[in-house]
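Common to both upcoming complexes is chain A, partnered first by chain B, then by chain C.
Presenting the complex of A and B:
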């Protein structure tokens, strides 16, 4: 990415630069929780991160909600079951 | 009041308790995080079993507390007003369940404030050992006390009027049935089934569960009124 995109957190927490590793880890973790093999989880996460980075290019600031939505949308194309769990993360309780 | 009648009422109250979903939500999340972190199956089972034991122990302690408290406060109940209070409480909680138990949004978001839900989410995510999972199980039952008070109160009333031997049977019956839904989810997870299928089932049936819990409370209130206030049966 040629410039930094900032991710706006909910509440009064400060914005922070987009962290690819953080997104990658969360996708891997979600794929693993559907009992997918590690290799599949890693490949899916890399592909989702690439698509999200392309989407972030023209943007200087996005919210965590936008980021999650976009990641879920990309994940749904490759792993619908994981995408469902990813979307459910904050709305299970 | 026959033993069968009393145990049936306790059983229905316990099933209503089992239909409340905070513990199940937390267990589903706990399992998701544990599997997602590639924890070994025995570690996943250790965490989920500790959670189940915590919730079971808390349910046991609560029903015992209610039975003891009512027994100490009222002794043998001659007047009908404690039963009327129990019926009123059940009707109030039934309406509360119908109106506020699930949020009208996607997912299985419950009535609890979002700040508390976020906190529970974080706690579940960072749970690594059995003692933490155990305390989460305990917390999941305490957090729903506002709804559990109705089935616990009426069960406590009924248990307090039984002979000592049957009191133990009533407490055991309540405890076992009240954690039956949690035990079922625990068994499904332990059997290696998909979490997304569990969550999808919960999401698509949430309004049925909400309706069933509210209606169950109204049926129990009517049964209690007819049996213990009017004395029909």
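Presenting the complex of A and C:
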């Protein structure tokens, strides 16, 4: 990304710059939860991150909800089961 | 920038198209502090990409077609011709004249114009670039984008949309237009008039599926006369590149068929632009649009949506009406509703197609008992003096004799339809319509004849 996109947190938590690694790790762990092999999980996460970064390009500030929704949308194209789990994460725990 | 009630503005309008700009202007004239946020060219799609540029080219195409066919009305037109750069220049002139770049008008009303992509962060706050703006009310008027059909190889092999098609036009090039609705038909008329070979693939059983069948049939005949090939009931499945051309696989009536073309034009409708953080504001929406009530209000009381983003109609003139209504409903206690059902729908070209109210299948779906009449244009004397008689006027009345629907195919149908739209809005009877005199030698005489026949 040519500029920094900030992620606005809910409540009083400070906004922070978008962190690709955090998103990547969260997708990998979701894919692993659905018993995907590590290689598949990492490839899927990389592809989702690329798509999310393209979406972030014209945006300077988004929310965690935006990121979660966009990542789930991309994940659904490649791994619907993981996408469902990713979207429902906060409800299921 | 006025600060009231802790907000930066009374109203922020997201999108500077015809619908949004109307809301902004009305609010500003009422003394409210207003901002418009626009991420692209000021003026929106109707001015820059769709209605105005298409109508400008259709005007040229219509004049050209009529001129080359005017040998039998005493004109010599051997030398008439066109060139593509000049057509593009005319299109740009028309856009400029239409007032699309009239940003200074809105600034003159005291409206702040903010350039950038708006994104809701909370229900009352948006980010645009690195800046944040808050408002008491919002109007979402972000419009729509062309909908890409699910065709294998479409993106990989390249495609055009109706707004870019004139840039690549050249003689004898073969275009496949995916979609035989209003935009597909208008684009076909432009391309065929200026020397291209055109095939239209429409998934439904006829052109203009949203109109009465007679309209689709009349336009199919008019296009066939210009060598446009219409493939109804045809779904494009896949596209692959082959020696600089495109090989298209179509499913048609249970069988598969291949077609070689030079260029693909996607005219299969539009999808509302809803990617602006609406979840953060709690606004209900689907991929088919932002959900609004009759007052153009979303489920979040202070956020309204108007125009194509609601996915209700895709008509610019209704967008303007909605913009006006939304501005009224935001700042007034007497709420008003938008009447969608009698709004005219038009397809420009030669001839025009125009309709208002319900079509026959909609009447049937509503269980209405109807009476209808279809009168050919040859009944009007104008058809003799204007050397055109292929169109018609169709009127539909309910059991009480009130006009509920109308369709016209005629050279000036886009102007004629307003009389009928007004009659439908005010629930006039066909007897009222028949009793009104119409000028001798006007196309509108055909309306009088049709109304008279329906009263008999």
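By definition in this document, the second predicted complex is superposed on the first by the 92 of 93 C-alpha atoms of A that agree within 3 Å, B and C clash if a C-alpha of one lies under 4 Å from a C-alpha of the other, contacts with A are read in each partner's own complex, and residues count from 1 in each chain.
In the analysis below, a contact is a pair of C-beta atoms (placed from the backbone, for glycine too) under 8 Å apart; a residue touches a chain by one contact, two chains touch by 3 or more.
Quick caveat, the model's predicted, so the values are computed rather than measured.
Chemist: Could you check whether chain B and chain C clash or fit when both are placed on chain A?
Modeler: Result for chain B and chain C: fit.
Chemist: Could you read off the angle at the CA centre of chain A, spanning the centres of chain B and chain C, to the nearest 10°?
Modeler: Value: 110 degrees, nearest 10.
Chemist: Quick one: name whichever of chain B and chain C touches more residues of chain A.
Modeler: Chain A has more residues touched by B than by the other partner.
Chemist: Return first, second, both or neither, reflecting whether A:58 touches chain B, chain C, both chains, or no partner chain.
Modeler: second
Chemist: Mind working out whether A:69 is in touch with chain B, chain C, both or neither, as first, second, both or neither?
Modeler: second
Chemist: Mind working out whether A:39 is in touch with chain B, chain C, both or neither, as first, second, both or neither?
Modeler: In the superposition, A:39 contacts neither chain B nor chain C.
Chemist: Measuring by CA atoms in the overlay, how small does the chain B-chain C distance get, in Å?
Modeler: 13
Chemist: So in the complex, the part of chain A that touches chain B is made up of which residues?
Modeler: The contact residues of chain A facing chain B are 28-30, 32-35, 38, 81-82, 84-85, 87-93.
Chemist: Across the complex, what residues on chain B touch chain A?
Modeler: 22, 25-26, 28-29, 31-33, 35-38, 105-110, 112, 117-118, 120-121, 192, 194-196, 199-200, 203
Chemist: Considering the complex alone, what residue numbers of chain C touch chain A?
Modeler: 39, 117, 119, 121, 127, 129-130, 132, 277, 279-280
Chemist: Please name which positions on chain A make contact with chain C in the complex.
Modeler: 8, 58-63, 65-66, 69
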